[in-house]
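To start, I am sharing the structure in question, which I have written as C-alpha cells.
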C-alpha cells in the first residue's frame, strides 16, 4: 500500500515581539491518519494552526501539501490548496442557516459569479443544485441533517461544532484541521464526536487534531506531537507518548 | 517666507481647535471603542450657547471688557455641553455597549442629525454673526499677522490641554481613566466605577469642545447649525493621525493637521499648476486619514485602545 | 405583514400573489393620484430613485456589512455623467480647454467636430444607462480598494471622506477646465427619450407625453420608467442575494476570518460588493439628472448619503422588502406629512412651528436612533429561518440527536 505524505511541514519559527511562540516545529502526516497535537495551554498549538492555515505569517518554514509546496500567506489560498479548518471558539456564520453555512463551504470549489447569479442560466442553476445537494449530504453525514433550515446561532453547542466540521468538509479538503473540537463537550457528546471522527477517517480523509482531552487523543490518534513553550518535546504513537518522561513532566510539572 | 509664517500661524490656530475636539474623540474611543460621531455638533452647541450668553450679557450687563465676556461665555457653555454629552452617553450609547460595532456608530449619526435639528429649531437656519469682542488690531510676528482673538485661542487651548494632562497624569480620576482606557473589565475588578469614568470622559471632552466652539465663533465671526460637522470629522482624522486613544497623539495630530491644511491651502495652487485651488482645502484631512490608515494605522504616537478580549 | 409575503423560496404561491397585487396597485397609482395634482406623482418619482439607491446601498451595507457613508458619490457620478454627455455642457468644456490651452483645445475640436463644439454631446438613454452603471461600478471598486483592510468604523469614516472629496471636486472642477460648472451645476440636461418619445413631452405640449393616441403627464411617464427600474433592481438584488456570491457577502459580514478560511477571496468579493452597489447609484443618478434637467453639488452631500443609509437601516438591513419599505417611508413620508402637518399646525396654532425641512431632519435622526435602540434589525427584518425552538421542538431535537 503506497502511503502518501499529505502534510509535510518543517522548520516553522514564529516570534511575536519578545515571545518566541514556535521554535523549529515540523510534522509529517500520512494519508488517512488522524494526527494529534497536544500540549499545555500556551504551548503554541493554535499558533501553529494559524501559521499553517495562513492566518499568521511564519518567520520561516517549509510547507507541502500532498507533495506540492503551498504558500501559507493567505487563508483563502490555503483553503483552495486543500486545508480546511475549524476554530477553537466556534466561528460560524450565525445569521445563516445550517445549510447555508455548509453551502458557503462549497464556495472554493465552485465558480458562478455575478452573471450566473443574475441570469441563472443552466450551468448556474445546476451548480446551485449541486451545492445544495452536497451541503445536505454533509449535514446528514455529521448528524444534523434535520436542522438544515435552522439559523446557525440557534443550534445547540454540540451541533454547532458538528456544523463547523461539515462546513470544513464541504471544501473537499486534503487535510481537515480541527482546533479543539471537543472543547466544552460532556462525555456523551465527546463519544459522538469520536464516532464522527472515526467515520471521517473511514472515508480516507486525513485529520490534524488539537485537543486537551488526553484520553480522547490517545484512543483516537495514529500519531501525536507534543508541544511545550513552542518546542516539540515528543513525537510518536500514543503508547510512546504516554510513557515519555518529558511529556509527563510538561503536564504534571516535573521535579524541581 | 512671509506667506509661510502666516500660513504656519493660521495652521497653529486651526490646529489648536482641532486638537481640542480631537481630544474628545480620542478619549471616548479609548474607553469605548466608539466614534462619537456627534462630537462635532457638541462644538456647535458650545458656540451657540456662547453666543446666547454674549447676547444676554450685552442686554443686561453691557460694557464688560471683551476678555471677561468671552470668559463668561465659555464658562457658561461648558456646563451645557457637558450635560448634552452626558445625556447622549446615557440615552444612546450606554445600552449599546455590547452591540455589534456598527450599531453605536449609526446611533451616533442619528444623534448628530438630531442635535443639528434642535439647533436649527432654536437658533434658526441662517448663519448668526458672532460679536468681535477683542480689539481687531493685529499683532505682527515676523511679517505675519495674528489677531488678539487668535492669541487668546492659542493660550486657552494650551491651558486646557495642560490641565487635561495634569488631570490624567496626576489625579486619581486621571489614573482611573487610564485604567479604564486600557482594560475596562479589569479596572472594574479593581474597584473602579467604570460608568463614572466613562461619564467623566464624555464630560471632559464636551468641555474642551465648548472652548473650541466659542473660540471658533470668535475667530470666524459667524456660526451656524451645521458648523460642527466638518470640523468634527477633521478632528477625528487628526485623532487618528496622532494615534487614536492617545491623548498626546490627539494634541499633536490636531496641530499637525491644522498646519497641513493651512500650508496646503496656501500652496496647493502653486503645487498643481493652477489646477487645484484653495477651495480644495477640506480634502486634506481626508487624504491624510486615508494615508495614515493605509501606511501607518497606529498613527504618529501609537494608538491606545481598550483591551476588549 | 402576515398577508403580504415576498418569500419566494419558502412560500412561492403566496409570494407571487402578493407581488401581483402590489404590482397592480402600483400601476394604477398615478392615475389615482393625478386626481390630487401632479405633485404627488413627482414626489413618488423621486422616491423611486431613492428606493433604487437604497437597494444598491443594501448590497454594500446589508449583504456585505460594509458601512459606506459616502454612497451618494456614485449617485453624483451618474448624474454628472448625464450632465456632461446629455447636455450642452461638453461644449462649455471644450471652450474652457481652448481658453486654457489653445493647442489642445483646437485638437479636441478637430476630433469632436463643430457640431459638438456648438451643442455638446447628447447621448441617448441606451448609451447613458450602461455608461453610468459601468462608470459608477469602476468608481465603486476604486473607492472601495483602500478600505479593504479597515475595520467597520474606520471604513465608515474613510468612505465618508471619499464622498466629501467627490463633492468638493464636483463643486470646483470648473476651473481651468469646465467639467462640472462648479456650484452652479449643469442645466439643460436632455430628458429621457425612449424610442424617439421624449418623456418630458414635446415643446408646447405642457409636459404631456403622447404615445400614439394616448396622452399622459410627463411625471407619469417617468413614474413608469422609474418603476420598471426599481422592479429590475429588486429582481437583480434578489437574485444576487440567493446566489453563491450573495452567500459569500453574508459570510464576510458574519465572520470575515471564517470566510477567508473557507476559501473566499474577501478582497475581490468586497470589491464586487462596492462595484455592484455603486452601479445602482450610477443609474439612479443618471435618471435623476435627466428627470430634473439639472444637477448641482448640493444634491450630493453627506446628508444625502446618511438619508439613504437611514432608509436601509430603518427598513431592515439586508432584507429587500424591508429596504423598499424604508425607502418609501423616508422618501415619501416627509412630503406627505408636510401636506398634512402644515395645514394642521396652521389650524391649531395659527402658524407653522415645525417646518417641513425640520420635520424631515427630525424623522431621519429619530429613525436612526430609535431603530438602533429598540429594533436594530429594522422595521421589516428577514424572517428567521426557524426561530429559537420552543420547548416542544427542543425535546424533539434532543431525542433526534441522541438516537
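In this document, chain identifiers A, B and C correspond to the written order of the chains, with residue numbering beginning at 1 in each.
Methods note: contacts are C-beta pairs under 8 Å (C-beta built on N, C-alpha and C of every residue); 3 or more make two chains touch, one makes a residue touch a chain.
Remember, predicted model here, so these are calculated numbers, not experimental data.
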item: Distance in touch steps, counted as few as possible, from chain A out to chain B; value: 2
item: Centroid-based (C-alpha) most distant chain relative to chain B; value: A
item: Distance from chain B to chain A - Cα centre to Cα centre, in angstrom; value: 49
item: Averaged-CA centre spacing for the pair chain C and chain B, given as whole angstrom; value: 34
item: Gap in Å, rounded to a whole number, between the CA centres of chain C and chain A; value: 43
item: Residues of chain B defined as touching chain C within the complex; value: 34-35, 92, 95-96, 99, 101-107, 109-114, 116-117, 120-121, 125, 229-230, 233, 236-237, 240, 274-277, 279-280, 282-283, 285-287, 289-290, 293-294
item: Complex contact set, residues of chain A against chain C; value: 53-55, 74-76, 78-80, 84-85, 87, 91-97, 100, 103-110, 112-114, 116-118, 120, 124, 127-128, 131, 143-144, 146-147, 149-151, 154, 156, 158-159, 167-168, 171, 188
item: Contact set on chain C toward chain A in their complex; value: 236, 239-240, 243-248, 250-251, 254-255, 257-266, 272, 276, 384-389, 397, 400-402
item: Of chain C, residues touching chain B in the complex; value: 65, 67, 69, 146, 150-154, 156-158, 160-162, 164-165, 168-169, 171-172, 175-176, 302, 306, 309-310, 313, 354, 357-358, 361-362, 364-370, 372-373, 376
